[in-house]
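Both complexes below contain subunit A, partnered by subunit B and then by subunit C.
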Partner chain A sequence: MGEFKVHRVRFFDYMPSAIRSMAFNSHTERLAVARADGAVEIFNFADNYFQEKQVIAGRDGRSIEALCWVGCRLFSAGLDGEITEYDLENLRPRYSIEAYGGPIWTISGNSEGTLLAQAGCEDGTVKMFEVLEDRIQFQRNLSRQKRIISLSWHPSGAQIAAGMMDMIRIFDSETHATHRLLVDRGVGASKSREVVVWSVACLNDHTIISGDSAGKVQIWDGLTGTLIRTHLVTKWDVLVLAVSQWQDESSVIAGTSEGTIVQFQFISSTVGQQDKLWVRTRTFKNHSHDVRALVHTDSAVISGMDTQLVVRPLLDKVEKNTQESALRKIAFPHRNLVSCAKKAGLLLFQFPDHLELWRLGESDRNTPGESLPVKRKPEKLIQLKTKLQGEDHICCSALSPCGSWLSYATVAAVRLYRLQISSNNISIQKVSKLPRELKSVHQLCFSSDSCRLFASSSFSSVVVVALDQTDCKYLHTLKHKSSRQPIHILSPSEDGQWLATANTDCEIHVFNLRKMKLHCSVPAYSSCPTAVSIHPTTGNLVSVHADQQIFEFSLKQKEYSEWSRQLQRQGLHPLWLQRDTPVTSIAFNPNNPAHIMLHDVFMFCIIDQSLPLPEAKTKFYNQMILRSLPEPQRLRESHAFKTCKNFQHLLSVNLLEDLSLVVVERPLVDIVAQLPAPVRQKKFAT
Partner chain B sequence: MMSLPWDPTERDNMANKQRGEGTSVEKKAENKKGADDFNLALDSSDDEAPEEVTFEDSKARAVESLKLALDTARREKELLKEKRRKRQEFFQEQKKKKLLSADLLEEIDSVPSKKQKQAEDKDEEEEKRKTKKPTGVRNLKGSYTVSTVTDRGQSDYQRQAAEDFIQSRLYGPGSCRSSNNEMLSLQNKTRADKSAAVQFVKKDWACKEKAKAEKLKKRWIHKQQIPTS
Partner chain C sequence: MAALCEGYTLCGLVPAVNRRSSEIKGIEEERDSDHVIVTDSSRSVTLYKVSDQKPLGSWTVKQGQVLTCAAVFNRLTNEYVAVSDNKVIRIWKEDDIILDKAFKATVSVTFSSSLFSRYIYIYIYDISQSFSNCIHCQMQTAPVEEVEKEVQELLSRQDPKDPQPSLGQLALALVSRSLADPKFYSSRALTQLVPIRCLSHSVCPDLLPLALEKRDYFLCQLCLLFFHDIPEAVTCACLKTFISLSDADAEKLSLEPDSVSFVEMLISNERAQTGLQNGFSPALCEEDRTDAVDDPKAKAKEKQKASPQQTCPVGKHKAALINEVLQTAYSEALLLPHLKDFSSDQVVLFLRYLEFLYLRYSTDGFSQMHGYRSPSLNQVMDWVCMLLDAHFTVLVMSPVAKGLLLNLQSFVRSQVRLFSELGKIEGSLQELTKMKMKKDVGQYSIEVIELY
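Coming up: the complex of A and B.
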């Protein structure tokens, strides 16, 4: 096991954006998450909560307020007054139509999937849109009211409840409003402010539940228009409600500005009796900032201003202390935002609206186990902003290994730059004429000799472009016949012969770059690959999947390698399988071909293929123990997985050409420090 | 009139009014003076019979008072009018002083009309060109700039208003918000291994406050040194 000089990088100011809205599709088990900067992410709940897709369609001034699934189609609406449908196979907005009602506060679809209702702000009308095969069409307006903040369809589609300022209105399928439910204002100082009904939910038995800015959750009878019960939950606002789609709608959760979630259940106060009431049962606090989006499946999915997604099982029917009952926090993206130029020692950081190129610092001492003094500090060489204010956000970027080419792509365009970096002079030149085939790109990658650029484009194809001194030429488009889903991983081999691609349909294809055609496909596995890489010397393809399985596939023999079969027979250690963050990159050590280096957010691991695999009973994290043992015993006790947890909240780990490691960390405290203000909570003795 | 055993109230005085006496002064007199005066006054009027006031008299008096009122109103209106007239004249004079002399105005007058004419001509030419455009493309001469409409005006304003609404409801006055520093510092204080407030723990936080503190410290040291030096 070698020792590495580690560049510990903490100057990447990665700042995720607040989560504004979520929608769960129970048929496909996908969760769509909309962020405040307009990005939409899709998480696959069935596949270990892996973040499958990201549609970076954001731009300054476009913020998403609401998301809605209609069948398998995803719609969003925002304050700019447009309803957008997304093309999830090509990761871009399919179209957007203007609703002509001012900013849109909420959209929701009826249970048949035929109508989509949305509420406008300036007008106060509820507009009904008909969902057709390839578009949506305006049908009619319901009668005009004041500003409408929230909507809920009755499961039968016959009624709509709308939450407004100081009241709730119930419309039936024709346009006239039937009931008006007046909501009380808060007590004391808040009596002078109007109460905003932030969220309403309609249940099957015509019960309406509302959460408002005075901190109350109220339960109304929708048929008679009367208030049944009021629960004062918090001093601040109740921002969002979610009704369980399982269990006969007998559980409702409410999210507040304090970051707490309160659960209400429809149960009888004494067991065995028939009279059921809505009773407040549990309270959870997993967030430090406001909760603005909530989804209730058999577990609660909570997210909000603190940009983290928390999946919390509601422990009614799940056993405690198992894998399923664990709380999950998804705080970092499941993809790489850092590119490293291995030969030049440069790092490229991707932000939504600009890119930063840094040169790493240097140190001349070499004492093991110590933090070395920095002789030359890391410096920011270039900050590249996307051209105009209000342009689309950057969805992917890449830096060539020699550090002389830089490329990034937005939803609309691809840009390529030539860099010349000497010790005291930096110059950057834009390559103006790019081939027409380079458009709607969602992943970029340079070959190891920096002569080719690979771009994953629409319809699951890869565009290969040759790079010259100053310009680039289109070479070929690689495509597999039956692939439809977008390719999210591109990995060329060191010698330039192979290109491995993986798409979100869990397919891995390997193309021969000399002949420009498909070489082979790895046998399909049920889980989506999160990192794929080709070994430089043995030519084996190593892939790590969302369920933490590791496979090694030999490209020459077109079958799994012996080591991989042994790993599958023995099975991976349970502690490895219980990790909840995916491995996002794989690297190899040129000095030691038996080593595979992986990392996820909380650990960095080197797998030594020459050592025996750990059994289920052996201690997995055994590095500290091994250090205390004498030399001969050490060899007997050690197993293949060597993990290091010194560096936390890793965004990226790369191995440079001079065999030093670059570790990019982003401590969570630094992210929390830049969030908007939390509520003021007075605690005793502080 | 009978002597009243109690102090005369308003109703009694009203009775006096109806009889047409100039009771206001007497009323006051009656109210202010002591019991003796009261008796005296009563005595004086006690012997005599009440005065006879004819209907015409009182009518005449009423008409007079009306006329007086009308006159005063009219006079006031006229006074106001005068004031306004004077002010208006004053302003006009001021304006005249500010304006340029008539000669200069004539000169300037001729130039803008020329410019206007030119602009009109250009407009006509543009229109002609516009109408001709479908048949062939021509280069536009002159100093024109073409720019795309980038600002979306109305919708941006509405979006901004909506965002301001949310911002004011969640973070505006009355929302009781604290800061991230406070929240994290409380966490530092209440956990098992207590540490200081985050502003002090983290090196790059609160740079301005730290710089200010440094300056104050230096100033204080300087002050301490001056008397001794």
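Coming up: the complex of A and C.
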């Protein structure tokens, strides 16, 4: 099969930002996640938890405290005192309005989707906004209180419960009457400290559940205002509560600053009895750090902190040992932060506020052995800062294959630089005049000859720009007339004839770049494409989807290839389908047209189309076995999927022009090592 | 630069009836320069807002008492401190309405009116003994709510790093009153006092038995956790009570959260558990049993009855309480006689629980996976040994215990086999240390891989 020289890169100090807030839309099964740097992402839980959108990159100083779905519309609010609605089709804020109440801690919509309640912090009012078709409009203030930390609407919309210092206040949104529930402080020394009601949940039967800084989860009767039960769950803070989103509201989970999640269920304490109580049932510990964001769907607990998203199925609702019962941790973004100039041996790393350009090292190829001596070390050539503090963060970036162009975009602007790199001289020059069509960009890509720049832009369009030594000229805007969703993949063919695009409506369109018009659309498939690439010699388009399916589509015949049909007939190996991270790039080996190279976070794989597909009972991961066999027997035992797990936590895998591989790893332990220390946990006898 | 402005009158002085002249005992700044407290020579302290020239609050000692020093304000605690009749310290807050109901303590040292706030606190420290005596007197008569309030107040004043030994005396007083007066019992006050590290079983030997008698199992748990000198007889009494508790009753208890979390994790992992690891599987266990039971019918029956103890035989609160006992210090010789008093049902249930712990610990290395305080595998094994020692004949005779013992035997045997295998592996692995270790990957390397 073959030997590969591999540049194993671990110097990309990628650091994901902590998860601050989450909102789950149970109708569309979309999870919106806000990170500490202000970035908002959307995961599609109906499609293998695929991160289909990075709605907006972060910005220095933007802090989102709360997210909220109103129907299919997404709102956020934060310490800057503004409420923002997002344009989910064009991946940008639709508008922001100042709420005039100081920093906002929490935001919540009523179940009809007509009103949005938002709590100001410094001024302590609950502000009601009416949700109109194209905006929201201030309606009125509920009476002024102390600082409001948490809010919850009663499903009928008639009451709102607000958590504050030392109390919970219940507003009747019709009569404006209020009553309050006093929350006990901690005992002993913490008695003198105010207790913060971090989270409150208002259930259909008027039960109110609160979680506070004294470590308590309390159950209240919201009609009479009486405390029904107190569960002390931690010595630290109960930071967040989430109620099961479906029908019965019979389960609540609480996240603590110790990283534990505690579940309570509304069940009868003895079998056969009618009267039900809130009983503490389970404790999970998936996090080393605070659990500040939680979502409770009918079958899973989703929590976020220490930068990872964790999906933990509740085992009583699903079969054991199936894929659905597996714990999933989503640690890396489902898109590329690394670009590779494969002709020049350069790597571009994308950080929120800067870019790093590196030149790979070198070795004498002739030395035998597993690890080659490094003759020339890798070198950081350029660190490019986006100008000032308070600027928007970088949402996408690209490096041309020849290494002489570099481009990046923020939500507001696009930048293009010309690079000249020789062995002892580096120069970088900003291209000052860019075509005005180049705006609102969320994906960038250069053609293989580095003469074109493709940018996915508003309304599912692609702007094509021509580059030469001195000039940057607008050529055309490509658009499929019925597409609306943003394009997340741009993939030009090696010969410059085709450009394949994929959007989050699962559509793949192929444009003819010579004629600047649509060539064909690949038949729609239900799962979103996670990687798309066009074969340099056969002209076949290969796509891999969030559900791990692989398709090969002939651009000449405009139909699926015979190999693709056979793969669909036979089915993929169960172990391939059980992987839980998406394939994020596809490459081809110019020396062997039958080879397709793919990777996810935990492996890279070469599919040899000339070999038989593995059957369900075949041993899928068979590299170790093949290695031990004599040559003729090895061929008999081989199957098409050659998987290499030597490298883990992969951010990217690229094939250079000299056919050596560049793998960029980011070990999770390195990320964890950079996180701030969790709350101090007292160990016994210390 | 300060500017001298025109003066105005903040308050007039009412001449005291029995005195020749009125005078002010002192004026002290309160929370800021706009607030002052004025102590007059008779009986009152008044808080003024200077800019408004308005009194915000006033407190007066009873007729017949006299304030003997100017009241001062402690900004750290937002409390006022004053001394009356040269011997009574009074501490109150702005929202206390009646001075006599606020904190007061009679001291043997005489105060003079030259006192400052920082000094007052030093005195309180010195005179803690007499001050607590005074509290004790109150403790003997006051109703439960008041006692609890006093204890709360007292604890909030404590330096947690350096608790006062007098608190032990206080606990003693509460316990003796509870013993004398069956209607009096304050769980809240006692549960707050136990974690302060000035108590031990020797200081207050009646406390834990009292808690047991009052069925205050949370307090029992705290005592087991914080006292390191509990006699074996008492430990066994606790254990016996815990084992005999009904699970329904136990689940209603409120217990120390970490101990419950630990059991929950143990049980939830048990649910997630599928195949066994670490050299043990039910199949192996059955295979091993063939020599013990010869009759095939009996064997089948036995198999059915004696599945390995993978589900927790007791509820989680009960388990949390038993775990607390497992972690106490004891001397085997002193414990054994008391352990012999257990009924066979109690022994079987306890052994089943211990077996459950042993299996859980051995099958997934659970004890290393969590940060909670929990019994160690060694502690569990020691209790198994003691229990078998104390009740071996009873267990062998009991038909209920037979399956249990057989399981235990086969599991122990599989473990012994595993460890002998491990011994062999260790030998081979030692060779590894002689080999050159693979170089750390570092930030960058160029490697050659081969795919087949």
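What we mean here is this: the second predicted complex is superposed on the first by the 663 of 686 C-alpha atoms of A that agree within 3 Å, B and C clash if a C-alpha of one lies under 4 Å from a C-alpha of the other, contacts with A are read in each partner's own complex, and residues count from 1 in each chain.
We adopt the following convention: a residue touches a chain if its C-beta (ideal position, glycine included) is under 8 Å from a C-beta of that chain, and two chains touch if they have at least 3 such contacts.
What you are looking at is a predicted structure, and each value in this text was computed from that prediction instead of being measured.
Participant: Following superposition onto subunit A, is the placement of subunit B relative to subunit C best described as a clash or a fit?
Facilitator: fit
Participant: Which partner chains sit in contact with A:L132 here, subunit B, subunit C, both or neither? Use first/second/both/neither.
Facilitator: neither
Participant: Look at A:A524 in the shared chain and tell me whether it touches subunit B only, subunit C only, both, or neither; answer first, second, both or neither.
Facilitator: neither
Participant: Does subunit A have more residues touched by subunit B or by subunit C?
Facilitator: C
Participant: Given the touch rule stated above, what does A:L675 touch, subunit B (first), subunit C (second), both, or neither?
Facilitator: first
Participant: Quick one: classify A:L79 as touching subunit B (first), subunit C (second), both or neither.
Facilitator: Only subunit B is touched by A:L79; subunit C is not.
Participant: Between subunit B (first) and subunit C (second), which does A:H7 come into contact with in this model arrangement: first, second, both, or neither?
Facilitator: Once the two structures are laid over each other on A, A:H7 reaches subunit C alone.
Participant: Looking at the overlay, what does A:S213 touch: subunit B (first), subunit C (second), both, or neither?
Facilitator: The first partner, subunit B, only.
Participant: How wide is the angle at the Cα centre of subunit A, looking out to the Cα centres of subunit B and subunit C, in steps of 10 degrees?
Facilitator: 50
Participant: With the superposition applied, I'd like the minimum CA-CA separation between subunit B and subunit C in Å.
Facilitator: When the complexes share the chain A frame, the smallest subunit B-subunit C C-alpha distance is 5 Å.
Participant: Across the two complexes, what residues of subunit A are contacted by subunit B and by subunit C?
Facilitator: 189, 235, 681, 683
Participant: State the interface residues of subunit C toward subunit A in the complex, per the touch definition above.
Facilitator: Going by the criterion above, the answer is residues 77, 152, 155-156, 158, 160, 192, 248, 251-252, 254, 257-258, 260-261, 264-265, 268, 271-272, 274, 370-371, 373, 439, 441-452.
Participant: Under the touch definition given earlier, write down the residues of subunit A that touch subunit B in their complex.
Facilitator: It is residues 61, 63, 79-81, 102-103, 105, 121-122, 189-190, 193, 196, 213, 235-237, 257, 288, 290, 390, 669, 672-681, 683, 686 of subunit A that touch subunit B.
Participant: Can you name the residues of subunit A that touch subunit C in the complex?
Facilitator: It comes out as residues 1-11, 187-189, 191-192, 215, 230-235, 260, 262, 269-270, 279-285, 315, 320-321, 361, 363, 369-372, 374, 377-378, 606, 623, 626-627, 634, 638, 642, 644, 646, 681, 683-684.
Participant: For subunit B, which residues count as touching subunit A in their complex?
Facilitator: Touching subunit A from subunit B are residues 150, 155-156, 158-159, 161-163, 169-171, 174-184, 186, 189-190, 198, 202, 205.
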